[in-house]
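Here come two complexes built around chain A, the first alongside chain B, the second alongside chain C.
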Partner chain A sequence: MALLDVRNLVTEFTTPAGPRRAVNDVSFAVQRGEILGLVGESGSGKSVTALSVMGLVDNQVGRVTGGNILFDNTDLTALPAAALRALRGKRLSMIFQEPLSALNPCYTIGDQISEAFVAHGDSDTRKNHQRVLELLRLVHIPDPEGVLRRYPHEISGGMRQRAMIAMALAYTPDLLIADEPTTALDVTIQAQVLNLIDRLRRELGLGVLLITHDIGIVAQYTDRVAVMYGGRIVETGPTAQVFATPKHPYTIGLLGSVPRLRHRKPGEKRTRLQEIPGSVPSIAQVTQGCRFAGRCSHSMPQCEQQMPPMRERGPGHDAACYWEGPA
Partner chain B sequence: MSGGKDDMLLEVTDLSMRFALRSAPFKPKRHVHAVNGINIRLRQGETLGIVGESGCGKTTLARCILRLLEPTGGSIKLNGRDITHAKGRALREARRDMQFVFQDPYASLDPRMRAFELVREPLDALTDLPRKQADERAIALLEKVGLTAAQARQYPHQFSGGQRQRIGIARALALNPKLVLADEPVSALDVSVRAQILNLMADLRAEFGLSYIVISHDLAIIEHVCDRVAIVYLGRIVEQGAVETIFNAPKHPYTEALLAAIPDPDPQQRRRAADIQGDLPNPSAPPPGCAFHPRCPKATALCKQQAPEPRMLDGREVSCHHAV
Partner chain C sequence: MVFSRILKSPKALTGLVLVGSMVLLALFAPWIAPYDPLAIDPVASNQAPSAEYWLGTDFFGRDVLSRMIWGARPSLLIGFASVFIGCVIGSLIGVTAGYFRGWVDAVLMRPVDVLLSFPIVVLALAMVAALGPSLINLILTISLLFVPRFARVVRGEAMALRELDYVEAARACGQRPFTIILRHVLPNATAQIIVTCTVFMANAILVEAGLSFLGVGVTPPEPSWGNMLADGRNNILGAPWLTTFPGLMLTLTLVGFNLLGDALRDILDPRLRGLHN
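Presenting the complex of A and B:
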């Protein structure tokens, strides 16, 4: 039984032109102890997918209008707000992209982390203090006693991100959603944070949904990958297999457009990068067919008319495309 | 590359930029050495990558070279002319030969100007080309970077990020510069669009014989567009030389750590980055000796006391006591 099983999720936003689907019929599962990578570009719907799972879509502008989110066999979409609140931060938690805007500047790191305990009814201040110290040690923050008393602006970006991870781990969640956890960080710090998430997954058996646009991070840290484009998952499968034999033209283009380090022999001429023509369509454009058709070099008449369904292309490897793939 | 002194485009010697910091009105001033004793030589047609983490001084270095800042020490020579303290007419002359491509194409274009007006602006400012010819040149440049004459009449908000960056590039090329500095030219763009811009930059370089200085934290991009690379840590160049030489066999522990920290986009090559510990030190209170020693696995007592001088080793310049 999967820890998280998302089935046919639809999230709609209200726009002046009517409701638009930011997440359109998305299904995926995360097992315990597994890292699933959700890759896509800005506007592909990957963050909205995460917010939908967490029940954090702002209901002034959008809401989940279809599908089921089964977390440990409980359907989160059918759960009353209070019950969801009891899960969130306890069994289900999230790391946000920018630690500086996700942390409250007016409270110390210690106060903000212990807020997680207070929110779930544990208000023994002295005990919480000890638990926060343990958490800070768990995420390898040097001088935890000192950091506890500091405000977010007084510590470095890498440190803030680690403090936020500590907050997400307050109750050792079953599922951790990390939305671009290292985009705001330098590469050497990025490696520290990702290695930390990987270690926690192994030691505590967390299921992790890792959202990123960085192909390198997907290749190095995920077990399986789901590629999103225009609100849909277009390809999914074991990471090694999807990278070795991508089936969807978008995945092929994405993998080919990334320059690779030390791929060139000394003296060898540099090759041109593979381009994907055009740019990412906005969700305001409505299409019947495949959203990638306009940029795709393999598109056929039927691509414009009907969204290609997911088809199995290998063990556990599915792609939503009519094209049979490279020969 | 042909030798000779005459094709030397840019010579930066012992460049320093110090900013004064004052935490309270009557406290003594402290200084931040954002750029500290940097030497760079760039020949006509060559491209140099500047790599480093945030706060290492790479953007300050670019701003000094372009003379958007006046350096506090050292010298900058462009085409053999000293522009370190150039002012007025001399500075405007120099700026014709070097232009900037900015990081964020959403913030760097005036939303009230049409694309061709944006490209024409440098022509109006620095040449006396008649308006009609300036318009024609602007439109021709926009076509060169892959936009249409019809699009030339549109405003920035009507373009996507990649198209906006194309306008930014056309604008930088308007004056036929010899040197283009690009500060993180693709980091604000979608992954699938980055390749378009990098390929465009390579095409333009070949066509116009441009020299680039590309600032980036992405080593793969640097390797793809640059001949030479300078690795900057806390205001100093720690290693400098040909891209292939350095990336295939780094000698400075910081370069090694940077290369190891990049996640390889190939799941068959899984390796856990040997993460170096700690964060970048505070630039206003740099550690004594070699600035990298608190994070360096090879640091010894010598590193804590004495800053290493750059020396030649295996075809590159490296500043480390223990590089072999």
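Presenting the complex of A and C:
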């Protein structure tokens, strides 16, 4: 039984033109101790998927209108607000892209982390102090006693993201959702933070949903990957297999647009990076068929007519495309 | 940090000195005022400023300087008290409406809109006329005038703050909405609230003076700048000191609060940092 089992999730945004689907019929699962990478361009619905799972979609903007989110066999979409709140921060945690803006400038790091405890009714200040120290040690923050008393602007970006992770780990959650946790960090710090998440996943048995647009990160840190495009998952499977034999033209395009580090032989011409022509269709555009059809070099007449269903292409490897793939 | 910036800004410093001296005058009125503000002396009626009566006397022979100093008391007391009450209630309404939005916003803000649609003086006159003039009623009336104004300002601020990442992070931690409002939204709106308070102080004092001038505020013979102006206006050519000095006090106080508010906005608003001073 999967820790998190999302089935046919639909999240709609209210637009002046009526409701539009930001997440459209998305299904995926995260096992305990596994990192699932959710990858896609900006606007593909990755973050909205994460917020939907957390129950944090702003009701002024949109709401989950369909599907089920089974977390440890409980359907989160059917849960009353208070019960969901009790899970958040305790069994379900989330870390954000920009650690500086995700920390309140008014409070010290120590105060903010202990808030996670206070929110769940543990208000013993001295005990919380000890627990915060343990958490800071767990995420390898040097001089935890000192950092505890610092304000967010007084510590470095990497330290802030560690503090955020510490906060998310307050109760050793079952599921950690990391929404582009390293996008705002230097490359060297990126590796440290991702290694930390990877280590915690192994030590604490966390299920991790890692959202990123960085293919390199997905390749290196995830067990399985789900590629999102235009609010749908277009291809999913074990990371190594998807990257070795991508089946969906979008995945192929995504992989082709990644720069590779290697030496050019003397006299060898520079090769241009492959780009995917066009841009992500706006959420306001309603299409019957595949949302990628307009940019796809393999599109067929039926792509415009009907959304291609998910088809198995290998063990655990599915893609939503009519095209049979490269020969 | 804020304080050192106030000391560096001439605008803030001027405002602070003006407001500070008014507060000191009001606090120490019994010791500073040379005469009893209520003591009538028929012999010394309508005397021009002199060595004996620095700012002259009124029709009843009461010392204008003493009355002016005592008059700072109701103005500042009513100003502070009503802005405080208006700020607390208005901010709570505004922050709740702005944080939750949706139907909570609609329910809380419609009465606010209704109150805002009345002209200040008309509403104040009607309320004081209904309640009867007394210090408490004046404070209540003026507070009620400022509740919707605070609610508006704070709601706008809360609507911006609710979108911030750390508010979302707090939700992701499982914090309760009211904890989030009190711990994350309100503290970050304090700068805006402080500035608004300062500016509204000037307004509140002006409303009090206006009501006293119209005869429904501080009741004579108790001195207030408003009723001193009203008393002196019939003889504005024969005894100009009766209106000039209370009017000047009122102006200086308002200028002081406005300067202070303006400077505080520059100092507390990080976006304007470095543009001024």
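Note that the second predicted complex is superposed on the first by the 322 of 327 C-alpha atoms of A that agree within 3 Å, B and C clash if a C-alpha of one lies under 4 Å from a C-alpha of the other, contacts with A are read in each partner's own complex, and residues count from 1 in each chain.
What we mean here is this: a contact is a pair of C-beta atoms (placed from the backbone, for glycine too) under 8 Å apart; a residue touches a chain by one contact, two chains touch by 3 or more.
Predicted model, so just to flag it, every value in this text is computed and none were measured.
Of the two partner chains placed around the shared chain by superposition, chain B is the only one that A:253 touches, whereas chain C remains out of contact.
Residue by residue along chain A, chain B and chain C are tallied for touches, and B comes out ahead. When the two structures are aligned on the shared chain, A:164 is found in touch with chain C, with no touch to chain B.
Touch criterion met: A:120 reaches chain C, while chain B stays clear of it. Of the two partner chains, chain C is the only one touched by A:87; chain B is not. By the touch criterion defined above, A:59 lies against chain C but remains apart from chain B after alignment on the C-alpha atoms of chain A. In the superposition on chain A, A:284 contacts neither chain B nor chain C.
When the two complexes are overlaid on their common chain A, residue A:42 makes contact with chain B while staying clear of chain C.
For chain A in complex with chain C, the touching residues are 54, 56, 59-60, 85-90, 93-94, 96-98, 101-107, 115-116, 118-120, 164, 167-168, 170.
For chain B in complex with chain A, the residues that touch the partner chain are 53-54, 160-163, 190-196, 198-199, 202, 217, 219-221, 223-224, 244, 247-248, 257-268, 270-273, 275-280.
Interface of chain C with chain A (complex): residues 101-102, 164-166, 168-176, 179, 183-184, 187-188. Residues 41-42, 142, 156, 158-159, 186-192, 194-195, 198, 213-221, 239-240, 243-244, 250, 253-262, 264, 266-267, 270, 272-277, 279-280 of chain A are the ones that touch chain B when the two sit in their complex.
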